[in-house]
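In what follows, chain A forms one complex with chain B and a second complex with chain C.
Take a look at the complex of A and B:
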């Protein structure tokens, strides 16, 4: 019984982080209809920036979130305007391959800059933990989860209540109609990309304090984001949260009860199954692109 | 310009003879490069039957390389007492059969997905295949499988496999050519252009897609079996490779998506660039491939063929 509770708790914590790591991917997919295969790179970029910042300034890595988000916001905006925008209106496979090309280049650059070794961000409370009932919680994981949930709520509120958020949602629903109402769609695309990149960077910091990372991990984080989005539904923080929690639970449960090597297998079986039965995701923002 | 079938046949025959004679006059390094080019061209062609003609770009075709290779290896180790000339056909048959069965089964669910969803679902198939092979002891993916040496006595193994890859690539080219000029091929092209309209006009899209998928998978599997023999020893990581998954798309993109010779041109060029020009700069490979991909998408979405056509039209 304790084992089940512990596994479930671990799964939920992991799931919250998956959700944060996927929300940017989901937003880009929902608004630009681009599968951003360089998402994992943006996540890692956040992690490395935080590593450098927290080492240089001796501050808590979670305090690095605002500056890193600003940096990635700018990078994302420029990246979209310079490269992605040129492929947005072409076939979907083209824009996907474009981002993949960028991911390969940046991965190579990261290997040059940061070496291919595993790195870790270690905050001062890295080895503290506490118990609620029989279940053990690491301080790091809990703070990571709380940071994820706060950031997700901020994004949800931004999309729901701010005028910029409203414009982004309108563009996602009907690009043409938004354009007719005077929305500068290119700017909105770039802005969406920038916001997504910022959240990817924040996710990178949160990931960096609980898991080791290296430039070779980018594929994993991109794929996780994809799975989360397919599970939860496109374009909404709530969808990402549901998908992320589900993915976290499934992978920890599989690792615990079937074998540590099988989370990816169950993950993909679940993914294919869901694509077939409910292609719009659990929180169905229905969209036609999948079939 | 009117096409003269006899002339074309003569040119093709000459090219085949020249290619087949390659190992006799090429230095050893270029025999290796030629091997890799022919292997890549064969894979690219097999991929393009589904990805180029029907527009279903798969991101996980290395699944079939792996399945073909591991089936062949496991079957051959069961019958290791047979003489080597019988082992290869046995391995090829086993590899082809397993790819055919598996692709026919997964075709039903997976071909219902379109575009990027199909691409990523195939990536999932190849990852699941890799993990299953790696983690179930029966498949020996983590430990590795040995293949018996096949080259007849007195022949350099590199030349022997060069010829095998050539045969595989030619078979695939022949099949693509036959498909391209058949009613079936026209049906596949119509699926790429507009699947719903094609279906409305009476093209049996579901059946065509499935057949193209299985043919593509079987041919990929055959190349995988030959590749495994040429390596002599394989683990999961040497056949289920993500860079193969990517390269297959790049070949077609580089050569010209949906054209018959596109994948051949693309494979030849890319192998030449990475192996010969960048051969010494291993650290630079990822970056170069990425850069090439970005430039291609931005500047020449039609590939080499597209550029040539554009020039011809403007001239």
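Take a look at the complex of A and C:
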């Protein structure tokens, strides 16, 4: 019984982190219809920036979330306006190829800048743990989960209640109508990409404090984001959260009861099943209502 | 007075110009081309860079400081043609096939058994020797290949010395569990762990196979806590070793001794774990304090000094192993008095050379002789990696049982 509780708790903690790592990917897919294959690079960029900032300023890495999000927001905006929009204007598949190419290039730039060595962000509580009943909690993973849930809630509130969030949703639902109402769609696309990049950067910090990372890991986080979005549904923080939690639970339950070598097998089996049975994901496309 | 000044100035100019003259001579020498690929990007890049730096250090030293090498009465400069295989076996095989087609006769190995194995198959078919320091899987050395030589014993023989060390510990450990990745090297290394530990009489409690890419080991550690072994042996990659150790600390999963084949040898690992890295064991194949004499560098310390004059990256045993590959090639060519691949292959098979790295001797199947090139066991003590086994190379006594994580953190 204790083992089941421990496994479920570990799965939920891991799932919350997967959710944050995927939400930016989900938003870009939902609003811009772009599969951003450079998502993992943005995640890693956040991790490296936090490593540099926390080392230089001797502050808790989670305190680096605001400046890193601002930096990634700016990078995301420029990246979308200068590169991705141009590719989208020609043919939508171009954006996928472009982001793939950018990911390959930036991975090598990161190796050049930061070396291929594994890095690690180590907050002061990196090795602490606490117990609730029989269940052991890793303090750093729990703090990562709390940061994830707060950020996902902030994003959900931003999309639901802010005027910019309404504009993003309107553009995603009816691009033409939004354009007729005077919305600068290109600007909204760039803003959406920038917000997504900012959240990818924040996810990078959260991941960096729980896992060693190196430039080679970018593919893992893009792939995980893709699976989470297919499971949970496109475009909404709630979809990412459901997909992430499901992925986390499936991973830990499989590792515990089938074997630690098998989480990927069950993860992709679930992905295939869901694509067959409910291709829009569990919560569906958040922006499809009026399409 | 004036004549003396002129003479002094002249001698000074000659002295200053000597390396340049040597370089100019080296440029005029015949090229001795050695090809290959190394992973400078991708999953194996961290150690791949160490291997690359080792190759380059030895070749640069031989060309620039020694002014080339003499083989069968002719002087040669070593010309390395190494390409980035991006840790991708398919890319590595394409790169090597192209080099064979272009006429390269001698090859250095990449890093990682998954790359060395298919590339060795290509060089074998072409009957071109490959000397490598990156592939230890048994599969490389049990297929009857005649042209591939490795600087380590095959994976199943690598754990012999660690198991022998465990047997000397007091109170003698009784049980062990093993964690490994689902890849060619880790799986055969885990077989080696089981063979060696079982033959020493340790009881196996569990074995855990992790996927190639790991993000969480909490479920494995829950099982380890439920059934706690005296020895937890991890034959996983550097990054996974760090993840396991971190999660062990955070979940207070204590064992009497944690052995991680790869990881603790890296400064970045020890820095990330800080005081929690104390008493963790790992395999190591070289230490700069070893006493071997070397025909080229003099000894291990001088090699390390030269390396540090060229690179700021910390030295690791893969650097030394890679440099020894170049030295081995040169000595084999000198012994063969030929640059014909078959003659050099025969000289490599008969090698018994002393280098700053170790005594180079291969088994009939081409992997490192288990005694001459067998591993040493290192243990992190006060942030430094000390050699604790074998007795001849020991720089510190092993700490056993290791303090619990709470005590290490206090």
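Here is the rule we use: the second predicted complex is superposed on the first by the 281 of 291 C-alpha atoms of A that agree within 3 Å, B and C clash if a C-alpha of one lies under 4 Å from a C-alpha of the other, contacts with A are read in each partner's own complex, and residues count from 1 in each chain.
Just so we're on the same page, a contact is a pair of C-beta atoms (placed from the backbone, for glycine too) under 8 Å apart; a residue touches a chain by one contact, two chains touch by 3 or more.
All figures in this text were calculated on a predicted structure; none of them were measured in a lab.
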Given the touch rule stated above, what does A:138 touch, chain B (first), chain C (second), both, or neither? second
Does chain B (first) or chain C (second) touch A:249, or do both, or does neither? neither
Applying the touch criterion given at the start, work out whether A:87 contacts chain B, chain C, both or neither, answering first, second, both or neither. first
After superposition on the shared chain, which partner residues are touched by A:170: those of chain B (first), chain C (second), both, or neither? neither
Looking at the overlay, what does A:156 touch: chain B (first), chain C (second), both, or neither? neither
Have a look at where A:3 lands relative to chain B and chain C in the superposition and call it first, second, both or neither. second
Give one of first, second, both or neither to describe whether A:35 is in contact with chain B, with chain C, with both, or with none. first
After lining up the shared chain so the two structures overlap, which partner does A:185 touch, if you call chain B first and chain C second: first, second, both or neither? neither
With both complexes superposed on chain A, which partner does A:261 reach: first (chain B), second (chain C), both or neither? both
Residues on chain A in contact with chain B in one complex and with chain C in the other? 107-108, 111, 259, 261-262, 264
Mind pulling up the chain A residues that touch chain B in the complex? 35, 83, 86-87, 90-98, 100-109, 111-112, 219, 223, 226, 259, 261-262, 264-265, 268-269, 271-272, 275-276, 279, 289-291
In their shared complex, chain A is touched by residues of chain C numbered 40-43, 45-46, 48-49, 87, 182, 208-211, 213, 215-220, 222-223, 226, 238-239, 242-243, 246-247, 249-252, 266, 268-269, 272, 274, 276, 313, 405, 409
Within their complex, state which residues of chain B touch chain A. 57, 109-110, 112-117, 119-121, 123-125, 127-128, 131-132, 134-135, 242, 246, 249, 253, 283-287, 289-294, 297-298, 301
Residue set of chain A touching chain C in the complex reads 3, 6-7, 10, 14, 107-108, 111, 115-120, 122, 126-129, 136, 138-141, 211-212, 214-216, 220, 251-252, 255-256, 259-264
